[in-house]
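Both of the next two complexes hold chain A, though its partner changes from chain B to chain C.
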Partner chain A sequence: MAAIYSLYIINKSGGLIFYKDYGSAGRMDTNDSLRVASLWHSMHAISQQLSPIAGCSGIELLEADTFDLHCFQSLTGTKFFVVCEPGAQHMEGLLKYIYELYTDFVLKNPFYEMEMPIRCELFDINLAQAVQKDRVALLGR
Partner chain B sequence: MFGLLFSLKSFTAKMDPTSADKGNLGVPQLPGQGCSFHSFRTNTYKLSFTETPSGIKIILVTHPRTGDLRDSLKYIYNLYVEYVVKNPLYSPGTPIRCELFNTSLDQYVRSIL
Partner chain C sequence: MIGVGKIKQYSNVLDRPLSKGKQEVSLSAFAFLFSELVQYNQTQVDNIAELERRLEDAGYAVGARVLELFCHREKGNRRETRLLGILSFVHSTIWKVLFGKVADSLEKGTEHEDEYMISEKELLVNRFISIPKDMGAFNCGAFVAGIVRGVLDNAGFPAVVTAHFVPVEGQQRPRTTILIKFAEEVLAREARLG
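Right, the complex of A and B next:
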């Protein structure tokens, strides 16, 4: 059984620029994934406003009945989030690593236009490896 | 806040990776139907949430490092049933003004700190 169900990357204005499914039941179609992503963008923003203490940077972990959602926001406002099994560990590390891959293989790609959907082969390959490795690490435990 | 919780609920219902048949995003659902959530955490606070079958929502906002508060929410719901619902002077849907509920709630929340 997969530990990670799916990965989303949203740009700073809430548009979905990357979506990958790793075996959740009933794969989401393009329209739904776009809507879900922009919905998450707004939820993230509202949660910052609701904070009782100043300096809130939005939801990091959402625990639902059947999944956990870990979210990481980069300094430029790009959000990365993974949907995984409840109680999955080391997701912050994985997200940071995905961010690293994004800066290396997407941002440094001269053909990539900012805020546009990601279509970079090297990013795909390295991402697949990273997720695979994480899965192996989880299985070994 | 209600808007956030409402939208998060439709979000989790749509996101649910374990069921294939989920309907559209934002389709109205009865309490207990579809995949809901029990808490979310930011760097400054944690919000725990529960919804009862009658649609009452109980929310606790706490320090981000507090553990699972589902039992506490259930206990608070028990207090609500005991002291609010069973109060003959209370009419459902109106703001709660029951002294016994307030004092026992205060006592309980202070005890879990």
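Right, the complex of A and C next:
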């Protein structure tokens, strides 16, 4: 069974700019994924306000019975989050790596418009490889 | 002892030989600059052919300067006068200073006598660029084609240079081929020189 269920990237105003499904569990239609993205965006913003710690940067990990949600927010406010099986390891590393791919293959692409949905072939190819590698590492243990 | 006394001490900074300087620039910085170049030119044109032409023109200016500089730096103010000489100069010397490596291959066209091809598995300018589906066969390698045309033209080898994507079997990504079609007079001159 795949460790990662799905990957989301949302822009700084909460719009979903990238969504990808992995494996059969937790598959969602377009409307649901958009809903989850904006829901997470708001929850993340509220958590920053509610946190008892000053300077809190928002939820990084949400643990539920059936899944874990790891979130990484870049300095510019773009959020990357993966939904994965409970207890999956190395997700922070994976998110950082996906952020790196985003800066390389999306932001350096002259045909990408900021804050718009990501449609870059090279990003897709490299992302698929990264997730694959991650999967191999997970299965190997 | 070998080597002792080889290093001269210069008291005056003006007497010191000019250093070659750092030969590399940041790939990210270049990628962003190139991306901006493409984006700027995109706002100035109505169609893809025009965009390709503008990128080529930008490259042409680079090529003209690079030729001048490297004839001076590498070849002691001499330049190639023969077809194969100038082609290998582009393929090796120019490619090495611009992209840090020799081009993957230099071939002669099979169908036409006046055509040569320089192929690159992953052209540096295309490293981070995904062409949208609606732009068809557009290739940002047009900039590199312009550089090649600039070098050849200023060395006295007028040619038409274009960049194309060529699919490779078993590879997800196509390679980029720079197609060089020399002018008639160049081939006539080559034939005369024997």
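Observations, loosely collected:
Following the convention adopted for this analysis, the second predicted complex is superposed on the first by the 139 of 141 C-alpha atoms of A that agree within 3 Å, B and C clash if a C-alpha of one lies under 4 Å from a C-alpha of the other, contacts with A are read in each partner's own complex, and residues count from 1 in each chain.
Everything below uses one rule, namely that contacts are C-beta pairs under 8 Å (C-beta built on N, C-alpha and C of every residue); 3 or more make two chains touch, one makes a residue touch a chain.
It should be emphasised that the depicted structure is a prediction, and the values quoted were computed from it without experimental measurement.
With the C-alpha superposition on chain A as described, chain C and chain B fit side by side in the combined arrangement. Applying the stated contact rule after C-alpha superposition, one finds that A:Tyr102 touches neither chain B nor chain C. Touch criterion met: A:Pro110 reaches chain C, while chain B stays clear of it.
Between chain B and chain C, more residues of chain A are touched by B. Once the two complexes are overlaid on the shared chain, A:Ile59 sits against chain B while remaining clear of chain C. When both complexes are overlaid on chain A, the residue A:Phe18 reaches neither chain B nor chain C. Judged by the touch definition given at the top, the superposed model places A:Phe123 against chain C, while chain B stays out of reach. Nearest C-alpha atoms belonging to chain B and chain C sit 30 Å apart in the superposition, given in whole angstrom. Across the two superposed structures, the residue set of chain A contacted by chain B and also by chain C is empty. Those residues of chain A that touch chain C in the complex are listed here as 104-105, 108-111, 119-123, 125. Residues 1, 3-4, 7-8, 10-12, 14-22, 24-25, 35-45, 47, 61 of chain B are the ones that touch chain A when the two sit in their complex.
Across the interface of their complex, chain A is touched by residues 28, 31-32, 34-39, 42, 128-132, 135, 140, 172-173 of chain C. Looking at the complex, you find that chain A touches chain B at residues 5-6, 24-26, 28, 32, 35-36, 39-40, 42-43, 46-48, 50-67, 69, 83.
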